[in-house]
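Take a look at the structures listed below.
Both complexes below contain chain A, partnered by chain B and then by chain C.
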Partner chain A sequence: MTEASLVGTEFTSISVAEFFYRNRQMVGFGNPTQAVYSTIRELVENSLDACEDAKILPEINVIIRRESSDLLLIEVSDNGPGMPYQFVPEAFGKVLFGSKYGLRHKRGTFGLGVTMAVLYGQLTTNYPATIITKHGQGEANEFRLLVDIKNNTPIIEYSGPNSSHSIGTKVTLKIRGDLKRSKLRITEYLRLTSVSTPHAQITLLIDDNPPIQFGRYSKMIPTPPRISRPHPRSADIELLHHLISNNNSMTLKAFLVDTFQKCGTKTATRFLHFLSLNPNRTTESLTRDEIVRISNALRNYNGFDKPESQCLSPIGKDSLMEALNRLYPSASIKYEIRGPFEWNGHPTILEGAVVITDSTPAENPSLIRFANKVPLLYDASDDVLTLAMKRINWNRYGVDTNSQVLLFVNLCSTRIPYREAGKQSIAAIPAIQSEAELLFKTLGRAIKRESSSIRRSKRNARKMREFSKYFRLIARYGALLASVETTPDTSKLVESLFEVK
Partner chain B sequence: MSKGTSIDALTRIGQDIVESIMAGRFPVFDIPDRRTGNIIFDTDEQEYVIGPTSVRRDSSNIRHVKSFAQLVWVASFAKELLKNNRTSSLRDLYYSSEAFDIEFADQAESDRIVGDLECLTGLPREEFGIFPEERSSIFGRVTMQYTVKGYEGKTVDLTISPDGLPIGPALMTAEPLDCKAELILAVESGGMFSRLIETRAWERFNAVLVQLGGQPPRATRRLIRRLHKTLDLPVYIFTDGDPWGMHIARVIMSGSANSAHIRELTVPTAKWMGVTADDIVSYSLPSEPMTNADLKRLDELKNDVRYNSSEWLHHINAFKDIRMKAEQQAFSRYGIDYVVDTYLADKLP
Partner chain C sequence: MTEASLVGTEFTSISVAEFFYRNRQMVGFGNPTQAVYSTIRELVENSLDACEDAKILPEINVIIRRESSDLLLIEVSDNGPGMPYQFVPEAFGKVLFGSKYGLRHKRGTFGLGVTMAVLYGQLTTNYPATIITKHGQGEANEFRLLVDIKNNTPIIEYSGPNSSHSIGTKVTLKIRGDLKRSKLRITEYLRLTSVSTPHAQITLLIDDNPPIQFGRYSKMIPTPPRISRPHPRSADIELLHHLISNNNSMTLKAFLVDTFQKCGTKTATRFLHFLSLNPNRTTESLTRDEIVRISNALRNYNGFDKPESQCLSPIGKDSLMEALNRLYPSASIKYEIRGPFEWNGHPTILEGAVVITDSTPAENPSLIRFANKVPLLYDASDDVLTLAMKRINWNRYGVDTNSQVLLFVNLCSTRIPYREAGKQSIAAIPAIQSEAELLFKTLGRAIKRESSSIRRSKRNARKMREFSKYFRLIARYGALLASVETTPDTSKLVESLFEVK
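Moving on, here comes the complex of A and B:
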């Protein structure tokens, strides 16, 4: 939670809450349909993040109740670790307050999501948000919060213990929204979430309908990624400034060694020598121009090793394959992974699975995007993965109209370069795009191998079916000719011929 | 060949199959090879016979299994016919197959499989009660006694109907009892056959008339041979004057490659009366120019072993010279009785 204050404080004087509300389409609350979807998404992602940190197998319940035609009650509860009570009001009632600014792979990034949902609910229905969370030993606490939009601070309507709540966090919001039109998106989002988070079990309950369950497909809890220091090549002016002003003054050399990964004393000395800067200068004494110079040099100096990737947590071959196998039981599935590579100093991994099914394709291949395991359902057309996919000549890999090819691609990075704060589409960073193309090509080769072996085994199966049909007829009419009562069994002979088993 | 032996032959096929499957072996058939390489013209007998090679049809071979199944089914179909004293036509058999989950691409395929069964058993399909759809007819002063079930011992006079009697399974298996005829006159067209009945030519020439209707069914050839052998009647063949007519006669005499695997069909001593090329000239028959197909056929016949004699080569060359052909009916030019009064009177003894 210590990093939380870092960024948060810088915005307090601005009415960020108001700013984001005015630009709500930027963050996914642009219309009543998207608003329902985004609310659920923000809540579910926070629950998943919380469980993942605590190494808990997530069990998440999503309840949507239509109170009147467009007044919806949305409730998401989890079995996570809960949150320290003193942070609850700010986490839910203050825009840009979050605990996830650390440099590691996370779903949440901005400290924006849940407060936007609270804000949207408040402005469309006038109801406060209810948060009940149980943290550590002792009783759970309940909060009813509103946002003071002008000042970007939480207004606590009620807070007190809640003895009936036994585990995790439950968030209840009322919003005005279009459930009918968002329903499909929501189920699709949860379905895909169960693919990228196969160890989660999510239950969706809409009004009095029977509950729909997504996952769990695997009991493997992914190891939570390590928090890492930034890589020097990711030190843009903003970050460098930030790092300098938030640390006590120290020598330049000590600052580099302390702050960055892949920068030991030797490397730091060499780097400062290259820059002709005195390693004993204090960070305090650096001029704005010098900071710019250092930032440029950090980003371009090629004496740094590539960034660590232990801070990344891809879905992984076993988990992803397991989930896809469960969702597409008769499909053939292949997994490929690329990286770690970096873009602007951010370690990044691309993983993808290709699923070949028998159904008739609408669009072939069809791409399903994930960023840090979060399914991306909107704004596909300008996404870097879409652009990369379009550059591949899929015909070459035997993608035709005979079978549907689904490409599941997950971009993992300490920084996902979203095109907007709505987190639906990834910017066309050249390093990512070229790695994505390479990933698609490896997947393409896998498709080619698979589809020819599928074709071969289909052909064989057909041959065997034909053969055994005729061979059974031989036995049947042979028996009739011989005037014997029972037709001899042919299956063993046929199987021996086709080496079944 | 008795019905019992035919049924036995079929039963044995079934037993082999069942035994083989039970022993964990894929059944195989060794069938005398009917492909051209194995069809030999026996110059002594003056007929086609099948050579010594046989082909193995192996049910474990993915390319054989379908025709293997078809063959077993045809055999079981035949056995059912025999057991129930029924007959069937090739066309019937083709259409029946569907009800038994057996598929044939067309009737040509099912006909071929019937041929395989004949080769495998060495028995003609007529023994199994399978006949072609088309029927020839017969007319003459012969009395036949039926052997088919339900008609055993009954007799029929072949002059009973002024239209002639169709040659079906019953007549094919009937035994000649009594005969007042002295020769067999087989004619190509139905028109000529009727003409010869109406004009009582059968009486005048003491002839048993047979209507061939183009290339005759095997049942007809078999009956002609039977009458020829048992009653010692010489056979005369009267066809259109073209290579096709000539070949009808030649097949009756020496058989065809298609039925090389079937014995007792041929009459090597039969005589082709005409219409010959010489007849067209000497009777000044109305004629028409030969088509390219006719001329090509003449060349083929010239290279055919069955025509490798001075007499036949003479006929072929005479046609090639005049490049004209004439139908049997061409004699009508000289009046309706001319063919009987003049032509047949000239040609028959």
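Moving on, here comes the complex of A and C:
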């Protein structure tokens, strides 16, 4: 790598950091508005992931300070477990380095976002990122970092102990950005984060304004998802080669049972019989064509059970309902869940809640998307959830202009098929789309039940008002006829008629 | 890099090849339909770029052969200059390696697509890619390659001379894909490619069907774009640092004049005066804060001329009109061009043609997008050109339900800000959007003139028909009255009245 790559020559290679530096619009850093939003989003998600792993109730502080019209200081701190010091430089200064490549549910996935935030700061202000983190016993450590874009490596400007920092990780960046135009997105993002992560408490402090608090709505800490073995359906040729070469030679049957989930001795035997392969053959002896054949069969064989779900961490009914009840106190709310199912072998769950409020609807229903609990605020139009929603005839379910229907849907998977590296919308994977349609239909039926029950109770309330009026009159006339002074109380009678307590 | 990355552990790094292998939906390889389309697109674009550089009239053959229901052999061959043999393995087997990073217009940009096609073939069929190429004198060379995903390096299965191959590059891949569902997209893509590259001749051969021919509509070979120096507005801190450290210490003034386009001695002097920097300071002596200050000023100073356009290669009026005239023989066609302008310092041109046909419009107007001559067929909804088009009040320009209006727009830039690595839509960069709106308005005025002239000529034709009918009658009665046997011919009179030749 020499000067060639930035200015141009014949054949050359660029680092992945340079690729994303050149194409930063792909990762949410295309303009000064998006950049502020993405920076905060990436830092908050890192903090949430860190706390969740350590079963800590997250307390996150987000500070934005305008140092001049477009020069912003952004600081995100948490009460998490901190980061092992030796990993800090690369986690913040190397693209595609991270703790998030395991087969389990995580908010972050690419090891891309935080480094992009550091890089964007460096590009626009030349300030290094400051990371102070306390991990384990002993003093906290402080790092000041830049990214060597050409080589995709961190440049450590300073590192040393910091005795004043007592808990978690604090990241400080300076970037040029447009706070005015990004503010609304940021508050919306944090509000929705408190819906999908109701056990988190997030405080936003902008300049000298009073702090804004999001959550906490629940004290239930979700069980951290566990890393699981791959599902057989995910075994493309590449993964299969890899798994074979990383295990000592063993029998085919033992290999299948050891390596994959949902593949016990019986299933493995049946599968190998189906393929006419001797279960006692060693993996070493497999020809290339046989590996291809096994991979194709693993992905198409119908005999494997649905994937495990302990590697996933959905929001859950109680938590989601609790958060939505707090945000929409007088609304009617229903929750549904589908799965686990798999797309390309990746364990996946879809959960959703429908919120019916009294307000006049703008578009109805309105979809609020989450992927592994991360609110997705941009690029809705080609998202798989939007596509699925559009295929539903909502009129049939009583969605009308009288009440606003909000659909909160969270796609939960060990692999979110984002359409772009900026993680704003989900690709139209058929398996996901059809499950989403089924989820929407179930939610639709809940809406229908709910709106007819709302209609029924409105009708009942009206009837009851009229009955009580006339009962009062009848009672008064009765009393007059009987020459009784006081009119008897009819309300109890009406209430018992309408079964009201 | 060990086994950890595919199966999961704590902190680790993955290669860029593995990133895109995991997220292949981001680069157009998300499903078997898209994969066929993307494979062909990437190979055809490589061939076109190669021929254009060498000023060769491209002849490209695309062969798709179904070996079983979903096992496809795809072969793309061209009459280009071939590739230097030492670069072949990395160009096809290493992500982010390519010839396309210079500051000039190219179809390809990322060094990503072709390697992804190789990788997808390998994933789904385990077959290596075969590349046969003849470069310079001597025998052609043949390579059979796979990608080492973990390390992002090519695996050369075979390389050696091939004496039967006489010209250009031929790439053969086997992939599993859905030809039935991708066929229409592929022909549409090739048809539109022949619009934006009318000097190319592309032949598509599917199984034993008769070959389909696209183009050639023109024999004009466009001037290959030249690599140019960066425009001052593109000098973010990173680029500036880079340019300074890659030049020997020189005076500030000499540095500016030597390094940037549109910055002669006078402009450099004025600029440095504006910044209160001594023009004779050496670049070596600059402090970090001064570099930041210079970078900010370069990007905001108003005294630099618009960028050069010789690094760009628009389709051009003659070529585009020629192709469109061939495809829409009876339509009315107008061409407009805007620029060069710059976005973030990247030289950019927008050109467009409007085609008005007699057919009944579906949506009106209909937009056909190109980026550096590459047709963009997916993800139109959030594209900057779509957004710009939607901001125009087309009714005002006489776009109605009587005739179909087609808008062909090509964004031509040294840097296309794609929204995703799959290169299907362009990010909403304000400078591009406002230029696109201006282009659409100019095209709109052309539509208005055209449709009123169409209306006028329709009205005239109607009048002329009526006039000639009555003139014939009058002439006949006149002849009868004058007892003349033959009715005189009135057509010449009518034609001269209506100025028809």
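To be clear about the criterion, the second predicted complex is superposed on the first by the 396 of 501 C-alpha atoms of A that agree within 3 Å, B and C clash if a C-alpha of one lies under 4 Å from a C-alpha of the other, contacts with A are read in each partner's own complex, and residues count from 1 in each chain.
Everything below uses one rule, namely that a contact is a pair of C-beta atoms (placed from the backbone, for glycine too) under 8 Å apart; a residue touches a chain by one contact, two chains touch by 3 or more.
What you see is a predicted model; the values in this text were computed from it and never measured.
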item	value
First (chain B), second (chain C), both or neither touched by A:Ile429	second
Which of chain B and chain C A:Leu123 touches, first, second, both or neither	second
Which superposed partner A:Ala91 touches (first chain B, second chain C, both, neither)	second
Touching partner for A:His135 - first (chain B), second (chain C), both, neither	neither
Contacts of A:Lys334 with chain B and chain C, given as first, second, both or neither	neither
Touched partner set for A:Leu493, first chain B, second chain C, both or neither	first
Larger contact residue set on chain A - chain B or chain C	C
Touched partner set for A:Arg233, first chain B, second chain C, both or neither	neither
Partner chain(s) touched by A:His199 [first = chain B, second = chain C, both, neither]	neither
Chain A residues contacted in one complex by chain B, in the other by chain C	none
Residues of chain A that touch chain B when the two form their complex	463, 466-467, 470-471, 473-475, 477-484, 488-490, 492-493, 496-497
List of chain C residues in touch with chain A within their complex	3-16, 19, 21-23, 25-26, 30-31, 84, 87, 90-91, 94, 96-99, 101-104, 110-111, 122-126, 149-150, 227, 230, 236-239, 242-243, 246, 288-289, 291-292, 379, 381-382, 415, 417-422, 427, 429-430
Chain A-facing residues of chain B, complex	10-11, 13-15, 17-18, 21-22, 24, 26-27, 59-60, 62, 65-66, 68-69, 72-73, 75-76, 79, 100-102
